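In what comes next, chain A is part of two complexes: it sits with chain B in the first one and with chain C in the second one.
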Partner chain A sequence: MTSLIIFLVLGASLLLLLVFALSRRRSPAAGSSEAFLDARQALSALQNDLLAADLVRRLFAKDDLDYILQFTPESVQKLFIQERRKVTLVWVRQVRKGVMSLRAFHRGQARHYARLRLETEFKLAVSFAVLLLACRALEIALYFKGPYAAPQIVGRTVGVAGRLCAISEKSLGFLTPGSLGDLTRGAAGEQAKV
Partner chain B sequence: MEYVTGKMAVRAAADDMRARTLSGIRRPLDRLIYLASLRDYNTGLYYHDGLATRFSLDVACEALAECHSQVFRELCAASLEELVRQLEGYVDSTHAARGDFIAAWQGLEPYRVAVPVETDPVSAELFFSNLRVALAVLQTRLHGHWAAPPSASPQPSPAQ
Partner chain C sequence: MFGWVLSLTGVFLELLILCRASSSGTLRRYPLFYSYLALVFLADVYRDVVFFLYGDVALHLPVYRNLYFATEFLSLLVGYGVILEVTRKSFEPYAGAERFSRYLVIAIFLAIFGYVGIKTVASAGWAPATSLRELERDLRAVQALVIAGVVAIALYYGIEIGRNIGGIMLGYGLYTASTVCTLALRSYGGPLALGITFSIQRYSYLFCLIIWAVALWFYQPNPVPDTALRLEADYESLVGRTRSVLGSMRSLLERSARP
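The block that comes next holds the complex of A and B.
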């Protein structure tokens, strides 16, 4: 009798788990095009705007600070630091948002198509985690110490973000109709493009 | 093919605009304000009779948008010192009293409507922020306590 009860409880639990898993699962088509578009937009914003060398250089330009310190009174110096802090915080938050969008794409979609190896997936996951952590650290540094407090973190963040964008670009390029056509024509043995 | 032709026409119109009109406006800040003034606030479309006659309304509009974006990028890449210099030159070219000009620009922030439509928010914010600081720098100079750096020689205004 006891074993029957245990068996029934186990069976019911498994059934519940199955129902839960099915309720969480979305159809492959639903949301995939949305995630793809989000990722494309995020990648474009990161590569063309946020990580553009000219913009990053200007945001953290030391010559602006030198000019302000040398030729303006304290009130303007304070205003400058406040203003630049505000803009650099907007910048790092936008970078973080873009990176999160790319991570969501890799988590949900890329591996289904690009057939990533476990090792590659793990490396990507670590890179995304490191980058998001760096963005958060930079945000804290900018907030408390100002825009000129952590030039090394800025450089590293931009470097890692650039590399991840390049990887994402390959993944997204792989998902264009032409590339998918190549895949179906016999690239079955091909390893992940990432 | 039509697309390529359209692109080439836009490029030709933009070159024409640069050669005939924009080359006569020396400071990028002046060029930005001039190009923004050619844009209809309600529709976001640019109008320039001469350019539209030589090309077409659509091509002229696209060419002006391209010129506007290019000038904005140029200004975003400029140092704060350079922007202060340009703003100072622009103030002088308007023949308005400096104090009045600074008060109006600080209060109304008219430069906000001078950025191209498709500008990314960070670049736009950097431009606004730099102009706020530049206005503060000019304000301190107005009170006579702080002089301009020695290298900052005033540029002639487009009116001159």
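The block that comes next holds the complex of A and C.
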């Protein structure tokens, strides 16, 4: 009976996979400047803004909460928690979006590499999946239990995201923001002289 | 009577796809697939002729049974060739994904046949399959795993698959999935399940033939990734973005320069 179930599940899974593959939309061309720039922007946003230690510490720090709880009426306390929840939810969604953009970029690039390493690919795929799951779990925890519900998940998410950013940075190394910055600075200077 | 209509419809569709192959130009592009279809076509014609001559008695004739199983296993083996042909053609422009799929297919084969080998050695009384039907079911299950692996890789790397190859893969995948389920039910359900599963398999094969007929009516090359071809467009896009940044900076400077 167990093997009957295994065979039926296998057949049904293949059917579902084929239907899913058929219904999937075409992904944007990998390797286009848009994909590069999106990935670069996502990486920059993650490293410099969203995963910045100060910001994360400040977002989830209990100092503000303690102060509000101590010195303000209940209505203000409620409003504070609601607002903080909204802000942390926006933060976690932005992190998730950035990670998805990096993953899409990585896949688009990796598929062309003849010397692709299976071990690395598996590890990366697992890391991306874990991170996205952690983001989702964090989102649910923040939504239902408030901004101070899951400090461990926050720490772990930030840690994994930081490591993935370091790997992605190597892939995106040739498209440094400095080069674009120099270009805009030069042109702006020229305009200022005029 | 209705069974005959279904059977003849299948043979007609097979013949139609085979006849269309040379004029559409798909024959020389997918030789293994058409070899597979030609083999199935010949086997179906033979079975239908024997059935027409002997009726249900044919099922018990050794000549019929032996040839039935021989053609089933031959088509199954050529089916593996079809999967390899489709995989090679879909992943041709993607060196990384092609490498991944090759190793995955090898890993699936090694894992499953290794497991069967160890089991056989470990228990003297254990056989990989107690009947030819069960052996076919097991081999089809391996085939289903390989197809699922290839489809999963294509999905993971966002590889676009063309109409012809997509059609072959979809049709063969659907047929394999339904065969795995029906053979499993037949092994456990006994004679009761035989009639229902036979009908399911027949309808799914007809559906698969319709998919192949539609997908292979015209030759359509597999999409080539346009990364290299888009270099010019990429540059234009980059310049466009830089210009827009410059434009906004200019307007800011102009505004601030005004008294």
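The criterion applied here is as follows: the second predicted complex is superposed on the first by the 136 of 194 C-alpha atoms of A that agree within 3 Å, B and C clash if a C-alpha of one lies under 4 Å from a C-alpha of the other, contacts with A are read in each partner's own complex, and residues count from 1 in each chain.
Going forward, a residue touches a chain if its C-beta (ideal position, glycine included) is under 8 Å from a C-beta of that chain, and two chains touch if they have at least 3 such contacts.
Keep in mind it's a predicted model, so treat the numbers as computed, not measured.
Once the two complexes are laid over each other on the shared chain, residue contacts for A:Leu69 go to neither chain B nor chain C.
For chain A, the partner that touches more of its residues is C, with chain B and chain C as the two candidates. Contact with chain B, but none with chain C, is seen for A:Lys86 once the two complexes are overlaid on the shared chain. By the touch criterion defined above, A:Gly108 lies against chain C but remains apart from chain B after alignment on the C-alpha atoms of chain A.
Of the two partner chains placed by superposition, A:Ala129 touches none, neither chain B nor chain C. Of the two partner chains placed by superposition, only chain C is touched by A:Leu8; chain B is not. Once chain A of one complex is fitted onto chain A of the other, the partner contacts of A:Arg58 are limited to chain B, with no touch recorded for chain C. Residue overlap on chain A between its contacts with chain B in one complex and with chain C in the other: absent. Contact residues on chain A toward chain B in their complex (touch as defined above): 45, 48-50, 54-55, 58-59, 61, 63-64, 67-68, 70-73, 75-76, 79-80, 83-84, 86-87, 90-91, 94. Here chain A touches chain C in the complex through residues 1, 3-4, 7-8, 10-15, 17-18, 20-22, 24, 26-27, 29-34, 36-37, 104, 107-108, 110-114, 116, 118, 121, 125, 180, 183-184, 187-188, 191-192, going by the rule given at the top.
Partner chain A is touched in their complex by these residues of chain B: 73, 76-77, 79-81, 120-123, 125-126, 129-130, 132-133, 136-137, 140, 145-149. Within the complex formed with chain A, the residues of chain C that make contact are 94-97, 99-100, 103, 137, 141, 144-145, 147-148, 151-152, 154-160, 166, 169-170, 173-174, 176-181, 183-185, 187-188, 225-227, 230, 233-235, 237-238, 241-242, 245-246, 249-250, 253.
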